[in-house]
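To start, the structure under review is shown below, and the notes come after it.
As written, the chains take the letters A, B, C, D and E, and residue 1 is the first residue of each chain.
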Amino acid sequence: MTAADLVTIAPLAAAVLVAIAVIVVDLAWPGRSEPVVFVSLAGLAVVAGLIVVTGATAASAFGGSYTVDALTTFLDLLFVAIVGLTIAFGPDYLRPRDLPLAEFATVLIFAMCGAMLIAASTDLLLLFLGLELMVLPGYLLAGYHKTDGYSTEGAIKYFLLGSFSSAIFLFGLAFVWGLTGTTRVAGVAEALSGIAAGSAVLSPGLAMGLAFMTTGVAFKIAAVPFHYWTPDAYQGSPTPITGYLSVGPKVGAFALILRLFVEALGPLREEWLPVVVVLAAITMTLGNLVALTQTNVKRMLAYSSIAHTGYMLVGLAAYAAGRMEGLEGLLFYGAAYSFMNLGAFAVVAALQKRAGVTSGLDTFAGLGRREPVLGILMTLFLLSLTGIPPTAGFFAKAYVILAAVQAGGGVAFLAVIAVLNAAAAAFYYLRVVVYMFMREPRTEAEPLRHGRLLWVGLAAATVLTIVFGVFPNALLDAVGAAARAIG
Amino acid sequence: MIANSLDAYLILSGLLFAIGTFGFLARRNAISMLMSIELMLNAVNLAIVAFGAFVAGLAENGSVIAIMVIAVAAAEATVGLAIVIAIFRNRRTPLVDEYDAMRR
Amino acid sequence: MPSWIPGAFRPLIATAVLAGIVLTPAILTVLLWGGDFTDALFLVFAVTMLVSALAVVTMRDIIRCGLAMIVCFGALAGIYLLAGATLVAAAQVVVYIGAISVLILFAIMLTETKAAPSRLVFQTQAGPAGVAAVVLAIVIAITVTATDWGELGERLHTATDTLARLLFADYVLPFEIVGVLLLAAVIGGVFIAKRERGESL
Amino acid sequence: MDVLVPLIAILPLAGFAITALVGRRLDKEAHWIPVGLVVVAWAISMVVAYLALTHAEPFGEHGFGVTLYEWIPAGDFVVEAGFFVDTLTACLLIVVTTIGMLVHVYSIGYMSHDPGYWRFFAYLNLFMFSMLLLVLADSFLVVFVAWELVGLSSYLLIGFWYRKRTAALAAKKAFIVNRVGDVGFALGIMLIFVSLGTLDIRETIERIGELEPLTISVISLLIFAGAMGKSAQFPLHVWLPDAMEGPTPVSALIHAATMVNAGVYLVARTSPIFAHAPEALVVVAAIGIFTAILAASIALTQTDIKRVLAYSTLSQLGYMFAALGVGAFTAAIFHLMTHGFFKGLLFLGSGSVIHAVHEEQDMRRMGGLRRKIPITYATMLVGSLAIAGIPPLAGFFSKDEILGESFKLGFAWVWFIGFVVAGLTAFYMFRLMGLTFWGEFRGPREVWDRIHESPRVMTVPLILLAIPSALLGLYLGLPLGDSTLHHWLEPVFHEATELLHHELEPYALFGIDGVLILASVGVAAVGIAIAWRLFGVELPGLRHRAPDPEAVRTLTARAPFLYRASLNKWWFDELNDLLFMRIGGRIAAALWWFDREIVDGIVNGAGAVTRASGRGLAEVQTGRVQNYALGIAIGLIVMAGSYLWIAGR
Amino acid sequence: MAVSSIPILTIVTFLPLAGAIAVALLPRSAARPVALAAALLAWVASLLLLVGFVPTPVAHRFQFVEVADWIPLFGIQYKLGVDGLSVVLVVLTTTLMWISILASFRPIQERIKEYMVSFLILEVGMIGVFVALDTFLFYIFWEVVLVPMYLIIGIWGGANRIYATIKFVLYTLVGSLLMLVAILATAFAFQDANGGSWVGAFDFEALRAHAATTGFADGLQLFAFAAFFLAFAIKVPMFPFHTWLPDAHVEAPTAGSVILAGVLLKLGGYGFIRFALPLFPAAAQAYAPAIIGLSLIAIIYGAIVALVQPDLKKLVAYSSVSHMGFVTLGIFVFREQGMQGAILQMVNHGLITGALFLLVGVIYERTHDRTIAKMGGLSASVPVYAALLGFFVFASGGLPGLSGFVGEFLALVGAFDYSPAVGAIATFCMILAAGYLLWMFQRVVFGELSDFLKGLGHHLTDVSPIELLTLTPLAALVVVLGLFPGLVLHLIEGSVLGALSDVEPVPPAAIDPVVPVVVGIVLLAIVAFRVLAIIGPAAEPAEPAEAA
């Protein structure tokens, strides 16, 4: 370990320290949320600053197993933003339910460390460890409302299936490692390039390893048919955490895909392309179709997040078919999706501030009249999720579709499936709007007072959702650079 | 001979993995399922050690990775058992197939 | 086990049968195919491991399952030794048998209810599950045998000092990460598992 | 002249606009502006007509045109709104403005008690504008505009008493049936444009010879289709009798004297086109003469006084088309003019009668009115004699010219049918006279006591119309065979007549022509005589004769089918009802069902299938972890299989 | 002139947005006047545009062009510009907009702020569609239209509004999203052909130049045109994509219907002329016979179905299907007259149908009913209303002298030139139009006052001054454009030439579309007739026999 190595991993190290600091602060002032919020958010700001500083120069540390490049920087910032927003949305939901904020923030930041590690890893072992560090806190967060049957039920489903898939993933990883003889991403790619060049064949062992890894990763991103955990875990989890789960681990898993499939297994993309195409098609379709029938908004958003996985996979497929735009679109989609989906869940969480309020569609009846601002913001997020301009969601969708069209062939067909799905999706997103604006409220409950932090977070999500839709240039540059770093 | 062939180790690993899978799919008790997962992780470890033993240049790496996997398994077990205990408090049963309040 | 056998003999008979199952392949290999002692030992460990693994997933009494798992892990440690991974074998014994298994046994005790053992061991889908597992095993086996593993070196013994150097040089980052992972698991796990005030277990 | 000619049309338009906007406030004084403007327009058109007929500058031989502005400039489709006056136009102007003016005046009295007084005059002015635009327009498309506008005014006026359901229905029927013809006309216009690239009437006529004969025939028939609608020729004749639901002045002006002549005018105007397509002309003749006899046969038995006149109008229009069809264009226009006056007279007279007997139109409840309303009686007698073709009244000259020319131009069948119709005409007109004016009053006593002659504002127009009805033939139709009207219209019809190779035999009063005259006068006399025999007569100088209902009954019993057919108007209304209301309505309802259940059903079905499949797929989510895990395991196996397959490729 | 030196198009487009923001921020009581002021300002600005516009009979010449880089990475620009077609439609939009807002003053009492904001945003989208010269920008405006309309129908609509509005949105979205794919595919094809440079890939003028010179590949053209077609055909709407329209119209509030019919349906026609034809001429030519066939069906079918509608709004809605059939027919015969007629018909339909919806709204305001059967005798009690209704009914029926006629006739001339049979079938609609309109008019206006209306007593008042203020400008325009269609025709000459410059006026295809259409209609009628006979009696009793 050298000093340069330490500098390179400074953001990650800082994040770990922030996590520890939060728990320490909680020990110092037990049960107080303000210090926790302050330390965690300030810490995250520091982490973000460090990310920007270290990201200025591409670097590689720990013998090439840890890399800082444009992709790392982009993803790290995204993770910090996701976690920051989640922490902002947390207190309003947790406090009425007597749930502590400290453990929430700590565990969340640990999960962020995992995601950041994935983004920076160029080593199979580190990738696996990063994945575990990201998902294990996820299981805990899902069960965070430990006295609630739904929360724990979701958590145990998530945990059991997640561990199952981790084992599967690891089994595949072992085979690939055994066959390529190295854990370094670059080394794996080099070893496999012979197969891509046609000078060697894809051995059955490698194929099986690929299959196991694909399955494991598909599970993490909630691709059909490995998506079963998603609705139950999302519905059960405390709502701000659902918001986090729907974006954090998903984007993290996509980061894993970028490092693993795009970089390490990039030479084999001809082989995994057809699989991704099929996965994308059925993921989009099933997610949307089942979402149509949901009456619980959280569950509906869970299925919709499955569908969004499908759209992102379209970008991946386009990349595999030879278009860099696919990768850029995937990254753009990830960023846009993060903010709009977090925003949508934040509104759901805000409504559930009063303990006992369900996330059923009825909760939204007349919201546009009771709390117009929340109603309008929710409409904006839902429109963005639908893909209506001028929102980030629209541009993201257009981006992956453009890439798919460019890729041609079967991938272009995915573009058509994607837009038909988007049209179907409009039905269930707009149904929420129907409830908010076109139905009368069921109860004449007093409007809730929401915390300032929630408003700040919502404002941030809103601004980003709009800005990425109207002036996406900065984000475009960022995803372009990030994609070039690995493409 | 047998003990000297990579195939034997890997097949053994595969069998263990399959047994773990079966247990995971078939058992009702959450802890049984957890144990099945441990079996699967051990199967992976077996494969890793086998590769380390037989593929030139991987020996030490294999061992290190295997140890890491053991540590991960420990962490997983911690988390898993914590969740099992939490849900047991809520539901008073360790039988996972009765946790179906959320569906469709 | 048939009911006409007197209770006292039962453990004896079971042990004998198990020993037969475990030892027969080893003996047969040595005698018929000219295997050496390592082969025999490997087979003994392997069969023990598989049988106990099967026991883990099939036995009714979950405490026995846990004990079978300890046996299984022990056999596996033996295989690791045969494969020359001494340190892994040690870790297997310490971490798994020493820590995880005990943890699991504790959990079993905590969650055991009177009603549980009398109920069905298996899901209704045990049949399909078995088929899936068998297919999976077959697929893996066929794949493994069909794969050309390239230039295979001699079976090597891992030098522990090299390993230690690796662990603290090349693998320092993973090592640290594992530490963070365990820390996170513990912090979260404690929170989730700990009792709320006024709540019975 | 550039100002005067447009002014003829624009004055009534101004009258319409002003009355429509402020008429309500003027109440009973509302007539001054519209009537005044129409009188001015009449005066101007008289001047214009005089100048045009005397070929004075700027009219000359071939007329004078004035362009207002470019109406539709769509690439090479350019339509200019312009007016054109030649001798044919002049003839029409005389008829339209004169009768129009008289009807306006008459209406002051006739409508005086109606709450919609101002509205009526507004509509009348709108009609005058439309009709004058129609005869003055120099482009087919502008003619079409006017064509539809007269349809609109006719719609408004028929439906004037909108509270009456029958009136509203009749108005609608008139408009829609007219539209059927209009479609033909519109298609004709399109065909003209597509083939010639112009819609100017004169240019079209000049260049029509460039086209294929077939195209010309099609154009001719399409134009004739339009004419059939407006002039109510079979089978589009059904609207005209119903149109009698409108106020009587309207019937006189629109449905007797002017609008229904528009078709005749149009065919005459485009006579060179028809002359290039003789086959089309035969169709015109056939339909015309068939309508003539069909309508006459119906008129025999109708009891509503206005309906008799309406069918009579149909019949006379049929004559005109027959004349056009055989190539006797001048004769057609001649009859148009004379018919305009005497039929206008008859309608206004019938209006006076109806007014007198308190809005009763059924002749079975009239009789003996001669004594109560002498001026009306006298003028109507003139009209009846004129239409029956008794010399030297106007109708004699024009009808005789039609019949004579048909025969001489080789259309003996036309002549023969026309000859029969002449007899029928005389019969039903004197049936009408007998039932109305002679014999005993058959209505309620109290009505009889209060019957009195109409006010001067109504009787004066009657008298003024009676004069041309009696004398116009003498003025225009003499000398026989080389009449004034021939000289007037010679420049217009010269080309068509030349084309049809009609070397007119010299007129032979003491030859064939004289025989034909005798024949037609004879048949008219027979018709009148039979009418007198059956329905009575009370004329000075003749033996008074009482009606003979018994004879009527015997006669009708002898030919029950014919009688019923006539009485039921050959069941055309029933046929239309069946075709368009029952079957058409069913088809429309069926299509709507198709739209809701099939077209929209597919849309909703797609939605329903989508949601149902979503619901089905949601069933996979059982809530049980092991099921999920099994799914994942199966997915894993499939995944491994596909990768192995990919690897093995 | 000063008009050309300021970014007038941006001002026209975004003035309503400023208005929307102002309405949102100001108190509720200010919503009506501020919204009206914003709409009027936009209207005035658009009139300035009209004044400053120099009509030139030259193809593809845009004026007031504003260009700014927007997303340079893909060559996406903020590019606005107008030709005659755009100007006409922009002015139509702004005119109908203030009329609609004025017409909403009284009927809309609930959530007036949201309502006005929705309307003003709707206006932004609609104007934007007409002035965007960048395909991406065009698409964005296209979608922006969707949401406010969704809310307008869904919040302020009738009883079944949610079904209607969701149907509207989903239907439209299916088409437009496929269009997005086509836009992207086209851009990519352009980029590919230009050595990988995105510059101009979304620029309409660059794309058109490319289409005119090199041309897009046939396969792409066929796909992209089909996608554009679907989007536009749904908007127009063409048979068989029309079923959202009656529902949307029936449920929408009056002003919503006005805008829906007046402007939204025109987006489709505009799209065909502006984008589909110039960019994919070969495909347009290949598909033209089929589209002409569908147009014919729409014309006849819409009219026949309108005959039996029991609801005033539905009747007008189906008449829209029929009338818009003339638009597509006129466009796809590729004749100058046809195209000009189509454009004119769009304008006229906007004015006339807009007015008809306003009139239906007037009566609905008083009776809360639109069932034709319950009406009757309005002429006696509300004469001004009856007169206005009559005026617009005849205008809608294509009475010459009023604006409806010229457009329809020009479209028919184009169709006739293409194939006389096509022209004849389309012309036949004149009869049907007279049929359904007059039948409705007779039942509503003539006769004795119906019992239902009698029951309303003094609530049945004649048109109010505000209502008169909304209707008279439309009536005036209908008369003026009927007498002087040249006003519009001169403006659009260049656009028409532009749209037709790359397609050849082909003679009818080997299979005359008339044959399948006629056969289709007949078969369909027979089948439907049969099915109906089996499943039960006719849904609607036909009109009782005519006067004896």
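Note that a residue touches a chain if its C-beta (ideal position, glycine included) is under 8 Å from a C-beta of that chain, and two chains touch if they have at least 3 such contacts.
Given the structure is predicted, the values throughout are model-derived calculations rather than measurements.
Touching subunit A and subunit B together: C, D. Shared contact partners of subunit A and subunit D are B, C, E. Taking the mean of each chain's C-alpha atoms, the chain closest to the overall C-alpha centroid is E.
The most distant chain from subunit B is D, comparing centres defined as mean Cα coordinates. Taking the mean of C-alpha positions as each chain's centre, the chain lying farthest from the centre of subunit C is D.
Counting C-beta pairs in contact, the chain pair with the largest number is B-C. Measuring from the averaged C-alpha position of subunit D to that of subunit E gives a distance of 37 Å. Look at where the CA atoms of subunit B average out and do the same for subunit C: the two points lie 8 Å apart.
Taking the mean of the C-alpha atoms as each chain's centre, subunit B and subunit D sit 97 Å apart.
Shown for subunit A are the residues that touch two or more other chains, namely 125, 129, 132, 136, 140, 143, 146-147, 155-157, 160, 164, 168, 178, 203-204, 206-208, 231-232, 293, 424, 427. Multi-chain contact residues of subunit E, defined as those touching 2 or more other chains: 170.
Within subunit C, the positions touching two or more other chains are listed as 123, 125, 128-129, 132-133, 136, 139-140, 143-144, 149-150, 171, 174, 178, 181, 184-185, 188-189, 192, 199. Applying the touch definition to every pair of chains gives A-B, A-C, A-D, A-E, B-C, B-D, C-D, D-E.
Residues of subunit D touching subunit B in their complex: 618-619, 621-626, 629-630, 633. Contact residues on subunit C toward subunit B in their complex (touch as defined above): 29, 33-36, 38-39, 41-43, 46, 49-50, 53-54, 56-58, 62, 65-66, 69, 72-73, 76, 79-80, 82-85, 87-88, 91-92, 95-96, 99-100, 103-104, 106-108, 110-113, 116, 119-123, 125-126, 128-130, 132-134, 136-137, 140-141, 144-145, 149-153, 155-159, 162-163, 166-167, 171, 174-175, 178, 181-182, 184-186, 188-190, 192-193, 195, 199, 201.
Those residues of subunit A that touch subunit C in the complex are listed here as 1, 9, 16, 19-20, 23, 62-63, 65-66, 100, 103, 106-107, 110-111, 113-114, 117, 123, 125-126, 129-130, 132-133, 136-137, 140-141, 143-144, 146-147, 155, 178-179, 203-208. Residues 17, 20, 24, 30, 33-34, 37, 40-41, 43-44, 47-48, 50-51, 55-58, 61, 65, 68-69, 72, 75-76, 79-80, 82-84, 86-87, 89-91, 96, 99, 101-104 of subunit B are the ones that touch subunit A when the two sit in their complex.
Residues 607, 610-611, 613-615, 617-618, 620-621, 623, 625, 627-629, 631-632, 634-636, 639-640, 642-644, 646-648 of subunit D touch subunit A in their complex.
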